[in-house]
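Notes follow once the structure below has been shown.
Every chain is named by a letter (A, B, C, D, E and F) in the order it is written, and numbering of its residues begins at 1.
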Amino acid sequence: MPNQTDRLATGLATIQSITGQSGQSVVESLKDIAPDFADWIVAFAYGDVMSRSGLDKPTRQIATIAALTALGTAAAQLKVHINGALNVGCTPQAITETILQMAVYAGFPATINGLAVAREVFQERGVSLAGAG
Amino acid sequence: MPNQTDRLATGLATIQSITGQSGQSVVESLKDIAPDFADWIVAFAYGDVMSRSGLDKPTRQIATIAALTALGTAAAQLKVHINGALNVGCTPQAITETILQMAVYAGFPATINGLAVAREVFQERGVSLAGAG
Amino acid sequence: MPNQTDRLATGLATIQSITGQSGQSVVESLKDIAPDFADWIVAFAYGDVMSRSGLDKPTRQIATIAALTALGTAAAQLKVHINGALNVGCTPQAITETILQMAVYAGFPATINGLAVAREVFQERGVSLAGAG
Amino acid sequence: MPNQTDRLATGLATIQSITGQSGQSVVESLKDIAPDFADWIVAFAYGDVMSRSGLDKPTRQIATIAALTALGTAAAQLKVHINGALNVGCTPQAITETILQMAVYAGFPATINGLAVAREVFQERGVSLAGAG
Amino acid sequence: MPNQTDRLATGLATIQSITGQSGQSVVESLKDIAPDFADWIVAFAYGDVMSRSGLDKPTRQIATIAALTALGTAAAQLKVHINGALNVGCTPQAITETILQMAVYAGFPATINGLAVAREVFQERGVSLAGAG
Amino acid sequence: MPNQTDRLATGLATIQSITGQSGQSVVESLKDIAPDFADWIVAFAYGDVMSRSGLDKPTRQIATIAALTALGTAAAQLKVHINGALNVGCTPQAITETILQMAVYAGFPATINGLAVAREVFQERGVSLAGAG
């Protein structure tokens, strides 16, 4: 197992490459109330898990988008990870397709709500909606 | 939009290419109690949705595995789709990684239960567990 | 508000009329570990809630079947309430339709798993599956 | 199976009869980002499923309200379908009773949140709350 | 079983001791649309259940905070019960720890969203965040 | 932050003290398919999280039992943690009360299913059910 310094460094590099500033802002915002949890996001979620080599970063983001769309309880996190998907090279179309597919596995309301988050991200980043569907 | 004959034909080809016999067995088993629903699986779930070109088949299976692992309410369907993932070229490692990642997004019990399904599939197909983790 | 004796009497009559023996067996089986909870099922769930006049009994069973199919975490209770639906006059077709409709609101796996429970009930009671779909 | 033109026509008529303008607005709003999904809502959700004759429209709305209240992840869709229930002839009391019943099957918070949506709809439509409980 | 007058009296005393004014406001706000449900909150949820002696009040609040954080569908109720936990003597640290623990059992997004509610409560009450983590 | 050796050692001691052999068996059983995940259970779930001093061990087990009962998707893990609760000094009554309380927050089916797991554990350990309710 990597040592703690390496876990944090790997995690910081991974969170930076996936989420850019938005994920780091979440981590920063947690330091007042739960500094250890902020560290767990960096060292465990990104350092131990999301940095692993067995799955490429775009596919990992698709998996996260699928899960958060299906669960339907984490709109803010879904927004971070749709941004993350674009950051690591997913096309808008791949993101939209993933959310559409959830209509089969989690129902139409899950997809409608997921698309609302995707639209918000696409519009903030100037992504053409016409090519995303 | 494609016509009905095309939707069913596309769906049958897609369900065959992803799930092989197991998905078709599910469809067949539903014809006694809900023949229209059996058609919807073929024409809608596979014909309209899973056959789309905007996302390659292996990535679609990863998305499904992520969602079903996170939801935790569909072990039988997760088994069909882990089989499907192997059928369309996902490596065992990619499947395992997807399930592991869900520990971050849906909790450790979701991953433990997802891995139990994956182990069952891998063992039935003679996939080495040592290389899957 | 009704007094306690009335709540229990109303609840017992209601549970008997909806579930027949199966609901009462659930209540009996809980008396070893949680006798007060057994009373709550009778006095609250059936006495206060399910006995209310604002919705007829068949529609209440449809609502319960819809919810339990969508949640996907209560197969044993879904079985009790599909039996209950038949007991209070729902047709097998109405039950099947309700479960099918959940494909839209909670996804196809929810419907597949709900239909498996319905088939089990229909077969135990000798209900023709051909007319149920 | 009906042909595509019929599915869309049936779906449009059904969505119009149940949701009036609000459901069509949802469909319209999706055409920028996911035009095929907008079609699926019309052709599949309303054309194939919600238009079926095996369950009357008011009972279908009760089933949807039960499921969305229990899931707790689809407040906007619950609002559309409470409106839809009133549109197809459900009484306010039947809607309220369905949401109350979910306290038994999905917990009190689900009912509290469902009632908040119902109150919003009833107030927008000038439905007396006094007669709804 | 206690009589109805006692159930309501016990419930009112319990809701007052746990939630102070906030829980009673929820109950009051429900009297327009669902007066019987308002009574159920008092007589059943607080009178029958939350007043029981088998678990002390602080531990009951921890159990509720754990469940609502894990479910992720009841932010308003989580806020009431974090306030309730402080009212019955839970330390801010115990509340934060409970929410952190849910990262293991329900995933990191559940914890992030739970912490946002806790921060809101702590800030409204002037609880130092520095000592809460 | 502790170093890796300390995290694993703390985690092993914590998992041993809470779950005894059953938790360690889960960890061992995962080493074939996902050895890194087995390490995460020890180092993260037990080493970083469950070993923390801000909440005593019995209360942590109550929180876990509440969450897993409410989620309803993790019966095997609920069994491990009901055993764990008894191991760290929770009374059977405290466990039963926690599960009963979930009827309010997650519905009666969640409690019925949680009680079935508790009964199984109590019977395996020779705990009198009469005193548990």
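One rule holds for everything that comes next: a residue touches a chain if its C-beta (ideal position, glycine included) is under 8 Å from a C-beta of that chain, and two chains touch if they have at least 3 such contacts.
These numbers were taken from a predicted model, which means no experiment stands behind them.
Shared contact partners of subunit C and subunit D comprise A, B, E, F.
Steps from subunit C to subunit F, minimised over paths through touching chains, total 1.
Chain pair with the larger contact count among B-D and B-C is B-C, by C-beta pairs in contact.
Under half of the residue numbers found at the subunit A and subunit D interface occur in both copies, marking it as a different-residue contact. With each centre defined as the average position of its C-alpha atoms, the distance from subunit E to subunit F rounds to 22 Å. The distance from the centre of subunit C to the centre of subunit E, each centre being the mean of the chain's C-alpha atoms, comes to 29 Å. The centroid of the Cα atoms in subunit D and the matching centroid in subunit E are 31 Å apart. Residue positions 36, 40, 44-45, 49, 52, 68, 70-71, 73-74, 77, 96, 100, 102-106, 108-110 of subunit E are each in touch with at least two other chains.
Those residues of subunit F lying in contact with subunit D across their complex are 70, 102-110. Interface residues of subunit B, counted against subunit F in their complex, comprise 71-73, 96, 99-100, 103, 108-113, 115, 118-119, 122, 129-130, 132-133. Subunit B contributes residues 1-4, 8, 36, 39-40, 43-44, 48-49, 52 to its touches with subunit D in the complex. Across the interface of their complex, subunit E is touched by residues 26, 30, 32-37, 40-41, 45, 68, 71, 73-74, 76-77 of subunit A. Subunit D meets subunit C in the complex at residues 44-45, 49-50, 52, 54-55, 59-60, 62-71, 74, 77, 93-94, 96-98, 100-106.
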